[in-house]
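Working notes, structure below.
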Amino acid sequence: MAKIASLAEAVSELVRDGDTVALEGFTHLIPFAAGHEIIRQGRRGLTLVRMTPDLIYDQMIGAGCASRLVFSWGGNPGVGSLHRMRDALATGWPAPLAIEEHSHAGMANRYVAGASGLPFAVLRGYAGTDLPLHTDTISSVECPFTGEKLAAVRAINPDVGIIHAQRADRAGNVQIWGIVGVQKEAVLASTRSLVTVEEVVDELEPVPGAVVLPHWVVDVVAEAPGGAAPSYADGYYDRDNAAYRAWDRISRDRAAFGEWLSSLRGEQAA
Amino acid sequence: MTRTEPGAGETTWTSDEMMSIAAARSLRDGQACFVGIGLPSTAANLARRLHAPNLVLIYESGTLDTRPDELPLSIGDGVLAASALSVVSVPEIFNYWLQPGRIDVGFLSGAQLDRFGNINTTVIGEYDEPSVRLPGSGGAPEIAASCREVIVVMRHKARAFVESVDFVTSVGHGSGPTDRSVLGLRGAGPVRVITDLGVLEPDPQTAELVLTATHHGIEVERVRAETGWELDVSADLMITAPPTGTELRTLRSMRTVGDPR
Amino acid sequence: MAKIASLAEAVSELVRDGDTVALEGFTHLIPFAAGHEIIRQGRRGLTLVRMTPDLIYDQMIGAGCASRLVFSWGGNPGVGSLHRMRDALATGWPAPLAIEEHSHAGMANRYVAGASGLPFAVLRGYAGTDLPLHTDTISSVECPFTGEKLAAVRAINPDVGIIHAQRADRAGNVQIWGIVGVQKEAVLASTRSLVTVEEVVDELEPVPGAVVLPHWVVDVVAEAPGGAAPSYADGYYDRDNAAYRAWDRISRDRAAFGEWLSSLRGEQAA
Amino acid sequence: MTRTEPGAGETTWTSDEMMSIAAARSLRDGQACFVGIGLPSTAANLARRLHAPNLVLIYESGTLDTRPDELPLSIGDGVLAASALSVVSVPEIFNYWLQPGRIDVGFLSGAQLDRFGNINTTVIGEYDEPSVRLPGSGGAPEIAASCREVIVVMRHKARAFVESVDFVTSVGHGSGPTDRSVLGLRGAGPVRVITDLGVLEPDPQTAELVLTATHHGIEVERVRAETGWELDVSADLMITAPPTGTELRTLRSMRTVGDPR
């Protein structure tokens, strides 16, 4: 049975300094509120795992939460670069950042292996590319039937998996629809899990295309209306493309970012 | 096929418009097309509005056969999910749809491209101390590996069209015509690179990209000047037909989600 | 674009003597009508692949269509044995039957590998059981990261995959809901595919829990109302448990089966 | 817990009823239980109606947390899908739910069981020329391997409770207490075998099944006579409490889909 708690309680209970944490959501349902709460609670030394770091990891990296980033595409989608991530990589500000870089197919399969209780996954990938020279969680296996050589990637099993979903019921069963990404896999691969939701409801009405995560694989559900903004929650609100574009200016400049960060931290104190 | 010649007021277009239109023309109706965001997405959606209404568009966010009214800004905008025949998980889109070679055309862009069509979207300079850190792989390496063919759309600049990429993010033809089969890559790789200046295609003997068409009004010398290797020119160099009025009007009417009207 | 044709045309075009054919549907949506059409058209020497042979393969084996059976659970669910299958195995009547036997997890992963364009799949399975001694599509691989030994199963890629679904639209997009089993994987793993449907409709209304197979991975759609009976089609008709029970008596006896078969073949002539 | 003593008219019950009731009692509320069809399904659904309303029932057809009003005849009856929290594909149920060890209890039956709890549902006799061909593996091998613990429910007959199974379909304790860890099986294996005569549990030292309880009214000698190995009896042999009236009435009120009313 999942526990229903406030977001502050949930982060405090589940996320510890030095943890490997995956906040997932592929463009859709990115758990911004949870990431902001991690910033507010001042977590340090996290290994942040996410296919597309997006603004949320740019913010967490800029805030000094992370010492390592595991990812497969690190840009501001349709806009440009993640300047806080670039700055941390280039200058170590505000903290040095190590990276472990994959392709999307590799990352997706690492989550699948993690969710499946397997130590690795097999895929056709990486052949001829330069990534295997730099990433030691890419290797190869030989098919025992055909002798073909295929890529192997190491399973990901984060300490904490965090996602945002549309709804949960009072038992903690979680419902997600629209672009579902790797959220199910991220939760199932993780030792502990937190799901923020737009709302907790009495009953989960079936929805076409919905994925349900049963209460017994979710540790904590926290209500966080609007918790995916400026990304979006299908059925609740649209993606705020203007905010994505505006982030470019804030992120480019340490001072502008510092103001953003103060304001974020101030909100909690208020 | 009806072709509207541009009227007197429509004889000007930007090189980006020519590129998107040339890229759109290269798609055939009914093909299944795996679309990267940006230039490829614009071209694919343009093709769907012109001669290829049954083009099957697939984005790595898991949206299968999607028909967005407006162009998405990101690879997973709501408009893609809302208009899709089906939305599948990200692992599924890569494992069940891309990897087995079910997709006819992979439509990619990049920051650097070399003479064999290898693409770099990872770093400029050394990996550990890059001069520019780029976004990275995303879905591109496996799109390049697994689609039956790959079409690249990117702006033609000398700093982007290089002798050899700093980092091989996505394999084109490696270093010659047999490399793909040695590597076990099952798709044909890049069959065409469409730029704002012209079209490059691999020489069947060497797999090196050669200039096979220039866009209307573009001189070969200009293309050579913007190419970082000794660019060969095909014996039967073509000239891309200029945009038609319909093409230009359709392209100009497409708007990106969230753009001011 | 999938072609829409009659079931007789579809079977005639897609299924050839000696083919490896998978008729899938896990308890639900078993493609009985298609199997019966294969019997009527007198196909021989088929390798029949199916997790649960069920009545349909008992009938096809008894009718002499099969020379090989690839499966993971061969019983009449909740009732007892498949007597035609047993008879073929024990006495070679009406034709000798070779078997290739797996567990459900193994078969499911063989389809997944087939659908994924991989030559094999990895799972935690078979360790300590006697199946690997008898089934040469079970082997093992070592994890390149941890050194753990895991089971490997060879991919299945049937010549023809056949399933029954609730609906298709006129372009041949197919919609399935309820227990969806391994149907998607069976179609995607196969070189050619046939989908029988309860009805062809103008538009596929979204349904919670539905899986959609796009028209460009389906070769032929054939309308076959009631085509899953005596199994069931969620939203159309229930499982005919009485027919499953009654099959036991027919299947036990070659003569009673012969009458059933004549009647099946006669139906077409009528 | 309320316990209703059987009334005067309810003091008789069949040995199958005792077995189902004893098996139902062994499940705890809130557990996630992977259920085989037949005896296990009856017992699990009985438990859900008695002391374990929040038992999470999972069938290999992909039905997660299902609450059927009537008992299914097959593993994939419509009643299971209709009452499920979620229905997932068959590959998913095995790979994401069973294999990683997310399931508390696997509930199995079999045709043969040996002194170490290994189960045979494949063949009696030699594999290539069996005297009886049984249905085969189904989901059982991986249920036995991966659930945190396994409970076996089967009728106690000498021909079924054998010294050594003819075919190991599903591994119990192999041939001793360390075999499971050597094989890399992560669940604890069979912790209890519930029959129509009593309960067997593995000796912690040897992993051999010993008699730890007889059902009300059953003599140890009868159990021994129906066991194909020298059955050891636990020093603190228990006697199963007889069915309560509530248990019997609930069990008798459960009907299988399609049975005549």
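The first chain written gets the first letter, and so on, giving A, B, C and D; residue counts start at 1 in each chain.
Criterion: a residue touches a chain if its C-beta (ideal position, glycine included) is under 8 Å from a C-beta of that chain, and two chains touch if they have at least 3 such contacts.
Everything numeric in this text was worked out from a predicted model, so none of it was measured.
J.: What is the set of chains touching both chain B and chain C?
T.: Per touch definition, common to chain B and chain C: A.
J.: Have a look at A-B versus A-D and report the one with more C-beta pairs in contact.
T.: When A-B is set beside A-D, the one with more contacts is A-B.
J.: Rounded to the nearest whole Å, what is the centre-to-centre distance of chain A and chain D, using the mean of the C-alpha atoms as each centre?
T.: Here the centre of chain D sits 40 Å away from the centre of chain A.
J.: On a C-alpha centroid basis, what's the spacing between chain A and chain B, in Å?
T.: Here chain A and chain B have centroids separated by 29 Å.
J.: Measuring from the mean C-alpha position of chain B to the mean C-alpha position of chain D, what distance in angstrom results?
T.: That pair's centroid distance is 58 Å.
J.: Please set out, as single numbers or ranges, the residues of chain B touching at least two other chains.
T.: 86, 95, 99, 146, 186
J.: Could you check chain C for residues that touch two or more other chains and list them?
T.: In chain C, residues 117-118, 123-124, 148, 184-185, 209, 211 touch at least two other chains, as defined above.
J.: Residues of chain D touching chain C in their complex?
T.: The contact residues of chain D facing chain C are 37-38, 60-63, 72-78, 80-82, 86-87, 89-91, 94-95, 98-99, 122, 127-128, 133-142, 145-146, 167-171, 174, 179-180, 183-186, 256-258.
J.: Would you mind writing out the residues of chain A in touch with chain B in their complex?
T.: Contact set of chain A toward chain B: 26-28, 51-52, 71-75, 77-79, 81, 85-86, 89-90, 101-106, 108-109, 111-112, 123-131, 133-134, 148-149, 178-182, 184-185, 209, 211, 232, 234, 238-242, 244.
J.: Give the list of chain C residues in touch with chain B in this complex.
T.: Chain C reaches chain B through residues 1, 115-118, 173, 184-185, 188, 211-212, 214, 216-217.
J.: Note which residues of chain C are touching chain A in the complex, please.
T.: Within the complex, chain C contacts chain A at residues 117-124, 137, 139-146, 148, 150, 152, 154, 206-210.
J.: Within their complex, state which residues of chain D touch chain A.
T.: So the residues of chain D touching chain A come out as 30, 32, 54, 56, 64-65, 85-86, 95-96, 99-102, 146, 186.
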